[in-house]
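Just dropping this structure here.
The chains carry the letters A, B, C and D, assigned in the order they are written, with residues numbered from 1 in each.
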Amino acid sequence: MTNKGSNYMELSFSARSENEAFARVAVASFISHLDLTVEEMEEIKTVVSEAVTNAIIHGYEQDPEQMVYVSTRIEGEQIEIVVEDKGVGIENLDEARQPLFTTKPELERSGMGFTIMENFMDSVEVTTGTGQGTRIRMIKKVSPNKIYS
Amino acid sequence: MTNKGSNYMELSFSARSENEAFARVAVASFISHLDLTVEEMEEIKTVVSEAVTNAIIHGYEQDPEQMVYVSTRIEGEQIEIVVEDKGVGIENLDEARQPLFTTKPELERSGMGFTIMENFMDSVEVTTGTGQGTRIRMIKKVSPNKIYS
Amino acid sequence: MSLEIDLEQRDRILIVRLKGELDHHTSDELKKQLESAIEEADIQHIILSLKNLQFMDSSGIGVILGRYKKISQKQGEMVVCSINPTIKRLFELSGLFKILKLKESEEDALHMLGVA
Amino acid sequence: MSLEIDLEQRDRILIVRLKGELDHHTSDELKKQLESAIEEADIQHIILSLKNLQFMDSSGIGVILGRYKKISQKQGEMVVCSINPTIKRLFELSGLFKILKLKESEEDALHMLGVA
């Protein structure tokens, strides 16, 4: 967690659905001085929303006593966002990443969360396992004139 | 750090002045569903700004590798905000809390930070000591129709 | 910033105007309101008017798909209009344009459904 | 949301219009711009026009006091106008109204300083 030449924040909050908007606003505010385009900003808010919603609904099955963890690092030409829960984890990750695959159709989930993260970010790494929680690390490159210094 | 019937968030970030606005926005966004008056919201943003600025300027003397810690809990009829640094600490707290007292007149500090926190919040508790960092715990009561449930 | 839902009925068409942010938290209320309109007001077609929708994630896709299933059983159609670029990409990724039509404005959408 | 600074000179009066947020981060730039205006443009009086200032904390008080010291050496006055309730309370707590005048509008402030 060294901090040299970069700007870093981390944040944790109760697994309540009203905090989904809070997480998006916090990340957007943290990167606001980078002067991203409106679309880049929207894309980042969307992926934060997808990952945080998954942590709340799937990871913790909406138990409000659990905590969701989000961090953001601005370094060189990239923004790194990590969303983590210590919940149930994902048994079959390949299956989970398929478009339209969902284990909660009864909640009208669309199964598009991972697909959206992959399309809106430059890279998405998932570390998970049954009972081990889920950690999503996403990276987006920004144009050189927006480099943090 | 139990979470029963309350909504909680904590956040930490690099001690950089551009993060002062981020800290205000994050706290304001976290409590936004309470429907506070515009003035109550402004008061809370102001005290967060005062305490975070103090951590950055005084606690860490603007060393961007250090981290500032902010948490917010909404519980029953109150909002509790804690701002903490692991910096130099305050030697003489009674003196520091006096209106217009500042140890950094060369930076044009007004010495009004603590006075503003005390006036805008219902209670302000400070835990500090030379070399021990500083922890400010502030509470604001909100009207009963805004109770978190 | 939460979600404001404005519903207007014209014949058997329901115009759904959304303002604010549609995410998992706000999608429940939208689902509830649309369900009762579709059941009680005998709606056949839906127009989603998204000009003032500032944010939407995949929870929104879920609600839209769920309602589409209901009205397609009545041979109804769903039309979306005034959509911003990022939300349009969400629709594209999800293949939503295979089942619903995209129009520029509410007027165009109404016209398409045969209302002058 | 950062700070926009708009400076306009009328005779020896500097009108300072602030928009956005004045905190420790943005106060440095304001200080720099005011200092060079006071030195180079031979300013005697300052009008702070705060209609569009959405946020200010005690860092703003520091900058204002610092500039007040400069112009009071030239027998200048400082007038503030169009101030919101929370920022007004900051001024009151800090005793700023003992040294600077409060007016409703820029016009009132200019009038007070003898400009028609």
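Keep this in mind: a residue touches a chain if its C-beta (ideal position, glycine included) is under 8 Å from a C-beta of that chain, and two chains touch if they have at least 3 such contacts.
Just so we're clear, the structure is a prediction, and the values are computed from it rather than from any experiment.
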Task: Joint neighbours of chain D and chain B, given as chain labels - done: none
TODO: Let me have the rounded angstrom distance from the C-alpha centre of chain A over to the C-alpha centre of chain D, please.
DONE: 43
Task: Mean-CA-position distance for chain D and chain C (Å) - done: 50
Open item on the list: Nearest whole angstrom, what separates the Cα centre of chain A from the Cα centre of chain C?
Closed with: 26
TODO: Check each residue of chain C and list the ones that touch at least two other chains.
DONE: 1-2
Task: Sequence positions of chain B contacting 2 or more other chains - done: 18, 21, 25, 32-33
Open item on the list: Applying that definition of touch, give me each pair of chains that meets it.
Closed with: A-B, A-C, B-D
Task: Residues of chain B defined as touching chain A within the complex - done: 2-4, 6-14, 16, 18-19, 21-22, 25-26, 29-30, 32-33, 64-67
Task: In the complex with chain C, residue positions of chain A that touch it - done: 17-18, 20-21, 24-25, 39, 42-43, 45-46, 49-50, 53, 56-57, 99-100, 107-110, 112-113, 115-116, 119
Open item on the list: Under the stated contact criterion, what part of chain C meets chain A in this complex?
Closed with: 1-2, 21, 23-25, 27, 31, 55, 57-59, 61-63, 65-66, 84-86, 89-90, 93-94
